[in-house]
Amino acid sequence: MATELSFGDQQRAQELLEAIQFFSQKGWSPATSTNYSLRLETQGEFLISRSGVDKSRFQLSDLIVIAQTGQVATRSQGAGIKSSAETEIHTAIYARFPDAGCVLHTHSVLGTWLSQKYVKAWEIKFQDWEILKGLKGVETHLGTVVLPIVNNHQVMKHILNEMESNWPNSPHGFLIAGHGLYTWGTTVAEAKRHIETFEFLFELQRLGA
Amino acid sequence: MATELSFGDQQRAQELLEAIQFFSQKGWSPATSTNYSLRLETQGEFLISRSGVDKSRFQLSDLIVIAQTGQVATRSQGAGIKSSAETEIHTAIYARFPDAGCVLHTHSVLGTWLSQKYVKAWEIKFQDWEILKGLKGVETHLGTVVLPIVNNHQVMKHILNEMESNWPNSPHGFLIAGHGLYTWGTTVAEAKRHIETFEFLFELQRLGA
Amino acid sequence: MATELSFGDQQRAQELLEAIQFFSQKGWSPATSTNYSLRLETQGEFLISRSGVDKSRFQLSDLIVIAQTGQVATRSQGAGIKSSAETEIHTAIYARFPDAGCVLHTHSVLGTWLSQKYVKAWEIKFQDWEILKGLKGVETHLGTVVLPIVNNHQVMKHILNEMESNWPNSPHGFLIAGHGLYTWGTTVAEAKRHIETFEFLFELQRLGA
Amino acid sequence: MATELSFGDQQRAQELLEAIQFFSQKGWSPATSTNYSLRLETQGEFLISRSGVDKSRFQLSDLIVIAQTGQVATRSQGAGIKSSAETEIHTAIYARFPDAGCVLHTHSVLGTWLSQKYVKAWEIKFQDWEILKGLKGVETHLGTVVLPIVNNHQVMKHILNEMESNWPNSPHGFLIAGHGLYTWGTTVAEAKRHIETFEFLFELQRLGA
């Protein structure tokens, strides 16, 4: 894979790999769950984790190129190679947020559990925590950060519709009920910081007031 | 050991070793508990972890061959070498499920605790979690997955009898009360995915509704 | 950086780096939170972690020199290099405690959670635990150790004022509400021991009486 | 140190070091707490961890020889080298249990917390868990294992007196209130297995019935 990418994209792919390994170490990507992507320098292309890989054994070659068509690019095709079933969610996020350069989806116990616990409220609210400043544009612990929750569906289109109706306030991410967290950032580092920030907030939320 | 095996079996033994090391890192194989096996290419033989080994120090040479007779094969015999006391459970699973290529038994705190907590219900039911799709053949989070529980006995035959009466619905695994989880898969990767899926479900179950 | 320091300071910087890596492994420095410093042999100078660095990737070159003026020393200046926003807190601690050679600030889930839970009491009290002897000068588990809590502010001056009014009893550290723990020691080893001691006490406090 | 020991003792010292590193990884030896020893082949001598060492940085050279006199042996003396303040507890265990070849003392959050919670009952009882078979001589999960608890004192003699009065039933170990776990075994491996077994039981005890 790596030889097909610009030097900048190769470096970001390496950074993404290290973030994936970090999440696996933390236990936020059990079994073959979770998926991750990068916007490439070539307009309309991005790199995404392929489907069905054990994240504790994930390698650079498990990142594949999605072409402008939304399909696996010719140069990444091969036997048994499929992009994640949730590729459409990544694509929708990149289309909606032009600044997004990296989209990360983790599946931690607490994110999964809280997403069901609060699904009827459609959101979780966080405030008064210094860690909120880990989210892009948040300059004080005093404000309230809202993390929307959408229902889980086997048909991606339904998740996408729910995402649209749950994005009035430029969220930093969202939860899919019973399924985990999506967040993004301009860079891999920023998106990873958002994952760590939300996971920390989930632990605080679990402990309660 | 390795020189006695076909190239394919050697590769799968290495994969099993890495899974054992992963479980040890997670804390799912305390003290000398737990055991693991592989069906070999030679009809009726399989590879099993030997008894009494600290899983944080487990090596390839701690996997021994069980012959068609159910006894340690001549080429694996040696001073102090015994197969696990639970070898019969592995054998019974391979006999009952012709597709099973790998059987894994972990002993996590939560699996052990839940197995006692739900022993009178004879089962734990899971539903509405995306992670259920980590189990072979489960295509949606909407269905209900049942994990049977059998009583613990010092006499293996009693456990085997209970297993028979608790397998009406083709389970993906089962718990032995106060003792931990058994699961299996066609490949090492699939069986490992089942362990990770159940352990994740145990954490959700503990957190409650 | 390292070439600008005396041999003794280089060794202590290396020791500080290892402590930072230890805290990151423990999950006590999520996202880009936390900051760390050392008093240098040159009067009035110290070394501090620069702002905005992912602590799981922290390197020796991310420690920068603060001159007597309280500003980044000329030899540490560079594009994008800022000292932590909380540099003033470190400076205030060194001024108040002439014995302090190292100041550490971690941001664990439990420290953060407890700091809000007890903020109205202005303190947490610990007693009857052997681990209290991990704090400098504490020779028995029988006494009571008080950890003061100050409110969180975006304006450092307000935190500093609160620190002054909360320091009647020579604390070993303090919590900032919703923000984490500050502690210090004569050496890096002693300050690290204080962090581990308080984090252990936080876990006991969470479990309750 | 190592050059002063027989080949067998050197190997056991290395095994002890690996156990110490394992406990540190698990978080069972915070700050400079905990201590560990081995009975040497030379009658009346043993090897013990020296006082005040950060267990995450512990090295083979931090194990020192205690002579028959109960003092640090001449060949292990040096500036700043002291044996643990709890050396007398180790000595008492070796005197009382002639089979003991290794004594381990960990200081986990749960062991510490439970030791205070149950101190008025003077013991914790465990039963119905398969993991009990991790304790030497326990052949079934059905029996009851009793772990005595003694009060904590700064004066070792008082702890020793309490140990005597709490040892009617040949325990596998004991807790010191607010202070942690002592256990032992014929070999390092057996003593380590006892630590892992008790720590697992502590987690089950915390989760409750």
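First chain written, first letter: the chains are A, B, C and D, and each begins at residue 1.
The rule we apply is simple: a contact is a pair of C-beta atoms (placed from the backbone, for glycine too) under 8 Å apart; a residue touches a chain by one contact, two chains touch by 3 or more.
Computed from a prediction, not measured in an experiment: that's the story for all the values here.
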Interchain contact steps from subunit B to subunit D (minimum; 1 if touching): 1
Proportion of interface numbers common to subunit C and subunit D (over half same, under half different): different
Interchain centroid distance [CA atoms averaged], subunit B/subunit C, Å: 45
Whole-Å gap separating subunit A and subunit B, where each centre is the average of the chain's CA atoms: 32
Multi-partner residues of subunit D (each touching 2 or more other chains): none
Inter-chain touch pairs (all): A-B, A-C, B-D, C-D
Subunit C contact footprint on subunit A (complex, rising order): 18, 22, 26, 128-131, 134, 139-142, 189, 192-193, 196-197, 199-200, 203-204, 207
For the subunit A and subunit B complex, residues of the former touching the latter: 27, 30-33, 54, 56-57, 107, 109, 112-113, 116, 152, 154, 176, 178-180, 206
